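First the structure, then my questions, so here it is.
Going in written order, the chains are labelled A, B, C and D, and every chain counts its residues from 1.
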Amino acid sequence: MASTFGTIFTVATFGESHGKGVGAIVDGCPARLSLSEADIQPQLDRRRPGQNNLTTPRDESDKVSILSGVEQGVTLGSPIGLFVPNRDSRPSDYGNMRNVPRPSHADYTYQMKYGVRAGSGGGRSSARETIGRVAAGAIAEKLLRVVYGVEIVAWVSAVGDVETTGVDAHTVTRAQVDETLVRCAHAPVADRMIAAIREAKDANDSIGGVVSCVCRGVPAGWGEPVFDKLEAKLAQAMLSLPATKGFEIGSGFAGTRLRGSQHNDPYVMQGERLGSPTNRSGGVQGGLSSGEPIVFRVAFKPPATIGVAQSTVDFDGKDVVLEAKGRHDPCVVPRAIPIVEAMAALVLADAALLQLRHGVIQ
Amino acid sequence: MASTFGTIFTVATFGESHGKGVGAIVDGCPARLSLSEADIQPQLDRRRPGQNNLTTPRDESDKVSILSGVEQGVTLGSPIGLFVPNRDSRPSDYGNMRNVPRPSHADYTYQMKYGVRAGSGGGRSSARETIGRVAAGAIAEKLLRVVYGVEIVAWVSAVGDVETTGVDAHTVTRAQVDETLVRCAHAPVADRMIAAIREAKDANDSIGGVVSCVCRGVPAGWGEPVFDKLEAKLAQAMLSLPATKGFEIGSGFAGTRLRGSQHNDPYVMQGERLGSPTNRSGGVQGGLSSGEPIVFRVAFKPPATIGVAQSTVDFDGKDVVLEAKGRHDPCVVPRAIPIVEAMAALVLADAALLQLRHGVIQ
Amino acid sequence: MASTFGTIFTVATFGESHGKGVGAIVDGCPARLSLSEADIQPQLDRRRPGQNNLTTPRDESDKVSILSGVEQGVTLGSPIGLFVPNRDSRPSDYGNMRNVPRPSHADYTYQMKYGVRAGSGGGRSSARETIGRVAAGAIAEKLLRVVYGVEIVAWVSAVGDVETTGVDAHTVTRAQVDETLVRCAHAPVADRMIAAIREAKDANDSIGGVVSCVCRGVPAGWGEPVFDKLEAKLAQAMLSLPATKGFEIGSGFAGTRLRGSQHNDPYVMQGERLGSPTNRSGGVQGGLSSGEPIVFRVAFKPPATIGVAQSTVDFDGKDVVLEAKGRHDPCVVPRAIPIVEAMAALVLADAALLQLRHGVIQ
Amino acid sequence: MASTFGTIFTVATFGESHGKGVGAIVDGCPARLSLSEADIQPQLDRRRPGQNNLTTPRDESDKVSILSGVEQGVTLGSPIGLFVPNRDSRPSDYGNMRNVPRPSHADYTYQMKYGVRAGSGGGRSSARETIGRVAAGAIAEKLLRVVYGVEIVAWVSAVGDVETTGVDAHTVTRAQVDETLVRCAHAPVADRMIAAIREAKDANDSIGGVVSCVCRGVPAGWGEPVFDKLEAKLAQAMLSLPATKGFEIGSGFAGTRLRGSQHNDPYVMQGERLGSPTNRSGGVQGGLSSGEPIVFRVAFKPPATIGVAQSTVDFDGKDVVLEAKGRHDPCVVPRAIPIVEAMAALVLADAALLQLRHGVIQ
C-alpha cells in the first residue's frame, strides 16, 4: 500500500497537484477524541503556499473538510475522511514542458514506472500531496497532546550555509518558531537565513536547508525492537517527504567521530525515573524511546524547480534548454516545518497505540 | 509485526543473543531460484565475530542451515526457514550487571517496554539479531543478481575522524573492500583507520564510523511514490540496525548548502536511456530509482559496551561504577558491511517484486 | 487497518450512513487502465436503494465522483479517490430509539467497543458502507475483464424456503440475472421468491436468502498457499458483508456427506490444459485457483430492522417494546448481488497482482 | 505475506511435509506470560498422526522445541520460534506418482503457480503445515485463558450422514470431547461416527465431516467493524485450513429460511450486562463480539488421498489409473479439533490485543 502509513493509527493520502483536490483517510484513531476542522486548519495554514514572499505565489486557501468519522464534535472510532480542494491549479503553465523531464524532478522516474504521468505539475510527487499528511498529523498530534502530553516542535536550523545552534530543544515553542518569517526560532540568525533565501530567489535559483525537530513528553518504551525501531520509522517518515536527502537522530553523523566514553549517556535519577540528560542518543535506545526528548534533523535539498536556464535533454534524447515557468518555493524549509511535525506525530501516535498492545501481563 | 520487514519479499527474524540460536523466515521469494547454504554462508562469514583482532573475541562459526523452502537446490516458493545456533554464549559474564542498565544500551528501555528483559547480553537488541538479516539478505541478493543483474557493495568510509573519499562507487568490488582488514577499499587510508580502532581498543574504549554503500544496475522505476519511497525504505532499513544514528542519500546533508542550479542533475543520453551522471540525487527521484547507482551513507555510533569505568545508576537509582565485562567490538563498521548490504538487498528485492505489477496495461 | 482490504490492489472505505457521504480510496490499481465514472455507476445503480418496491424506500441516486488517480480517461497508478454524497438521510427517524440497542443490530456492540456510536442509523455498520466496496469492486472488475478476461456473476439462489438450482454457473449472465426483479436468473422460481419477499414485507417483517456467485476465466495458480488461500480470502470478503452468516465453496456443507471416491475431481484434458469438470472443489485446490469456475454461496440472514413490535430492553436494562421506524429492505439479497460481485472482484484483482510477484525464475 | 496471519499477535509458519521439519514464529505475544513447551505439547498430541486406528499410520511424535522468546519460563515480548522435526517422512512412497497430479490435491495448482513443487507429499499443502498453527494457537489460547478467561472447545458434529445436535455449547469441555475416539462429546452418536469412518477406511475410501466450535468468555466489543469483522477473520481462518469447504456462524445457512421476527435476538439483562441468550447471531453483531458464546461450524471434505483406483490423466494428459500409496486419514475431523481451536485462538488473541487501543479517551 504505497500511499498508506502506519499499523494501527494509519493515514492513506490521495490526490494530484492539479486535480480536483487532495485528501486523506485517517483510520484507527481512538473514539471519543474531541475533534473538528479547527484542530486541523492551523497546521494547514502554516503549510499553505502564498503565506509570504519567501514562498511560492500559488494561492491556495487549503480549507479542510472532515467527511466522516466525527459526529457532534467527537471521533466515532471510524475512518476520518479529509478533503482539501485545489483552487489555483494552472495546468497550462506546464504545456511547453510536457516532453521534457525536468532535472531532479520525478517526471522521468514516474514515466518509467507507470508508462504515464500526470499532465501537469508533479502529480503525486508534488508537495501538495503533503496536505493529507499535515491534516492527518494534526489529528495524531491532538491525540498525543490530550492523552499523553506529548509536544512536537520543529524549526529551521540551516538555510544553505547559514546555521543556528542557538535553539534550546528543551524549551522551544511553536510561537517562538513562528516569530520569524523563516521559522528558525533564533532571531539573530533568522535575518541572515531570510537574506540567503531572497538572494537565491532574486537569482531565479533555489537553496537547501535543514529542519530540526524535538518531541517532548514521550514516555520510555514506545517503539518496536527490530525493523520498526522508533528511529527507523522516523527516518522512513522523513525520507518519504519530497526533497529530503538525509536524517540523523541525536549525535547523528557527528557522533561517529566520538569514542564510546565520550558518547555514552550515563543514567541519573530524574524525579521518579531514570534519565540520561546528555542524551546523545536523541531520546531512543535500541529502537525504543528512553523518556528523554527525541531530537532529530532532516536535510532538504534545494528545490528542483528553478528559473535559471538548464541544458538537458527531452524524452527523445534531444538537447533542450529548460527555463521552468511553474510557481515554486525558493527554499522549502519554512513551509516544511508543519510537515515534519505531522510525520513525527503520525509515527508517535502509531507507536503509542502499538505500545498499548504490548501490554505487560501483570 | 515488529520483527518482520517487507511487503512481498519478507523476512521475519527471531532469537536472542544468549538463547539457543538466531534465525529468520524468508517468505515471498520466487520459486525456482537456485539456492543452497553456500549462497548464504559467505556473507555470514564476513559478519561473524572473531574474524580478526579488530572484532569481538566471541567465537561463533555461525553456520547456517536451511530448514525449509528449498528442495533439490531450488526454491519452492514457500517460506525459507534459516537457523544459526549460538555456540559461545556466556550468560555468566553479565551476572554482576543484572541490576544496572548499561549506558546507551537498551537494558532500560526494554525493561520499561516489556517489564522483563533477557537475562544476559542484549537479547533482541544484540547485534546477533542481524544474523537473520544477513542470511535473508544473501537470498535477496542472489535473486537481484540472477534476475536483474544488481550489484551491492558497501565499504567503510570513515572511522572516527579518519575518512576516505577515494573509493569509486561505480567500480568498487567486494574483493577490493575485503583486501583491507577494516574493509575500506582504499589502502592508503585503511592503515590509519585500523590504527584508530586499535587505539580505541587499547584504551578499553570504542569508536564510531560511517559505512557507504552503492547499488548498481537497478533499473529506473523501482520504489513507491509516497510513504514507501525507495530512499524512505532504505532509511528505515539502515536506522533499524543497531548503533545507527544517521542516513543520507546522494548529496545528503552537504547538499543542503547548495543552490538548485548547482544541485540539479541534468539529463543526457546514456546509450538507450536517459541518464543523469552528476547523480547528486543518489539514484532516486521522487522515491523511484532513476537508473543511476543508488549511493547512501550510514552513521554508526561508537559501541556502547566499553571497558572504561562509567559512573551511572542502577535500576533503583543507586550510584554505581560500571566496568563492562561482556565481549564486544571496539568499532562496528568493519563487521557492519555485510549487514548494510543485506538490508539494501532486502529493500531492493521487495521493490523489484512490487514493481512487477506496473505497466500490465499495454 | 480495519477499513482496508487487500495487499496490492487495496480498498479503504469511509463514511457513515447519515453523514456527508461515503467513499473509498483504491490504491495499487495498475496505471493506464481506461477508467471513468461510467465504469463504476452501473454497479452502484444495481445496489442503490429505492430501485423498486422490493427494496427500502430511502431514495439515493448514489452518483459517484472520481476525486483523483485518473487523468484523461486513464489511471495514473496513484490512489483513486471515490465519493458518493448522502442525500436522503433522516436522522430524526432514529430519535426515539437512541437509548434502545436494536436487537440483532450493532448498536450494543459498537457502544461497548467505542464508548460512543453514530447518533442515527447504523453509522459504519449500515449497508451504506458497502457503496465504497461496490465502487472499488467495479474498478477491480474492469481490470480483471480487460487484462485477464475474468467474468463475475452473482444471483439469488434462495429466498427463505424458495430455492433454485436451475441456474447454470457456466453460462449465466448479468443480463439474465437482471431480468427478474429479485435477480434470480431463473424465471419460474423468481415469482415465488418475489411473493415470499412481499409476504414478509406485508407482515412488517423481513426474510433471509442465499446468493450464489461464479467467477469464470480465472487462470490456474492464483491465490496463496496458507492463510491467504483464495477460498479463505473469499470467505473473509463475504463474511465481512453486513448480514452474512455463512460461506461455502464448491461442494460446501453438502460435500461433507460424501466419500472421497464420490467427491474427488479427476483430471481430463481440456484443450491445452488439464481440467476437472466435476469441479466439486469449486475452482480451488490447496488455496489456489484450478482454472475451473470458482463457485460459492453466501448466506444472508433476514434484515434485523422490522416493523413488528419486539420486546427487548434499553441500555439501562429497562423493558421496552420496539417498533422500528427506519426505512429498510424486507430482504437484502436482490441488492446484495453487486456487493458480492464487488467483493469477489476485489479478492481476485489482488490475487492477480500478487501472482505477478510470485513470478517464476525462468 | 502468504504464510503470516494476524495484525498484532501474528504467526508465520514454515516447513514442508517431507523436509527437515515444520515450525512457526509467533510475534506480538505480550511479555511476562508464563510459557513452556508443556503448554504447547498437549494440543500437538491431540493433533498428531498415529494416535489410534482412525488416523493415518504415519508415526510422528511431534515434539516441539521453543527456540527463542522465552527465558526462565516467561515470554520476553520477542518472537517465539517453534520447531517440530519431521521423523517419519517417506519420500519414496510418492515416486511413482511424480508425474500424476493427484485428483483434488494441490499438485496441479502448485505446479501451475510455482513451476515447481515439493517432490513428495503435499509440501506446504500437507496437513503437516498445521503443526505450526497448533503450536502458535496453544500460546494464543494460554494468553486468552490467563488474561481474559476465554475458553475454546471444538467437537465433531458430523461424520458423513451421522450428525449430533446433542452437545451443549454452553458447557461442553475438552475432556468430554476426548472421551470418545472420534471427539464428538456425545457418546450415543460417537459409535455410529466411528463405524462410518471404519467403513470408509475398510473400503480404501475416505469420508467428510463437520466440526463445531464454541468460544466462551469473550467480552463484548472485540473485532473490527468492516473488512476484519470477527466472523470474517474466523471465516478466513477456517477456510485457510486444508480440506475445508464451508463456514457458518450462529444460525448460518439455516437462518436464511427464517423471518426477522424469528431470527432477531432481543436483549435481556444478564447480571450487569445486556445479553441475548437466543444468540442466533452466534456471538457477533456487526463484526464485533456481543458477549454471548461465539459458535460456528466448519465443513471438511472427505480426504482426497484414497486407495480406491481413480481414472485421471498425468501432467502430459495421458490417461492413468491412480491408486494412492501415501499414508492418510480416512476422515480428518477428529484430528482437526485442535487445529480449529488453534485458529480460533489466533483470531481472538489478535482481536484482544487490537481492542486494547479503544476507549483510551475517557
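To be clear about the criterion, a contact is a pair of C-beta atoms (placed from the backbone, for glycine too) under 8 Å apart; a residue touches a chain by one contact, two chains touch by 3 or more.
Computed from a predicted model, the values in this text were never measured in an experiment.
*Asks:* Which one of the chains is farthest from chain C, going by Cα centres?
*Replies:* Of all the other chains, the one whose centre lies farthest from chain C is B.
*Asks:* Hey, which pair has more contacts between C-betas, A-C or B-C?
*Replies:* Comparing A-C with B-C, the pair joined by more C-beta contacts is A-C.
*Asks:* Measuring from the mean C-alpha position of chain B to the mean C-alpha position of chain C, what distance in angstrom results?
*Replies:* Chain centroid spacing, chain B to chain C, equals 46 Å.
*Asks:* Can you compute the centre-to-centre distance for chain C and chain D, using the mean CA position of each chain? Integer Å is fine.
*Replies:* Comparing mean C-alpha positions, chain D is 26 Å from chain C.
*Asks:* Can you work out the whole-Å distance between the CA centroids of chain A and chain C?
*Replies:* Here chain A and chain C have centroids separated by 39 Å.
*Asks:* What parts of chain B, by residue number, touch at least two of the other chains?
*Replies:* 2-4, 7, 13, 28, 31-32, 77-78, 113-116, 124, 225, 358-359, 361
*Asks:* Which residues of chain B touch chain C once you look at their complex with the stated criterion?
*Replies:* Contact set of chain B toward chain C: 7-8, 28, 30-33, 75, 77-78, 143, 146-147, 225, 353-354, 356-362.
*Asks:* Can you check the complex and tell me which residues of chain A touch chain C?
*Replies:* 1-4, 7, 10, 12-16, 19-23, 25, 27-28, 31-32, 65, 67-69, 71-72, 74, 76-81, 83, 113-119, 123-124
*Asks:* In the complex, go through chain C and note every residue touching chain D.
*Replies:* Of all residues in chain C, those touching chain D are 2-5, 13, 101, 103-106, 108-110, 112-115, 122, 124-125, 129, 158, 160-161, 200, 203, 205-210, 219-229, 231-240, 242, 244-253, 255-269, 274, 276, 280-282, 284-291, 299-306, 308, 310-313, 315, 317, 355, 358, 360.
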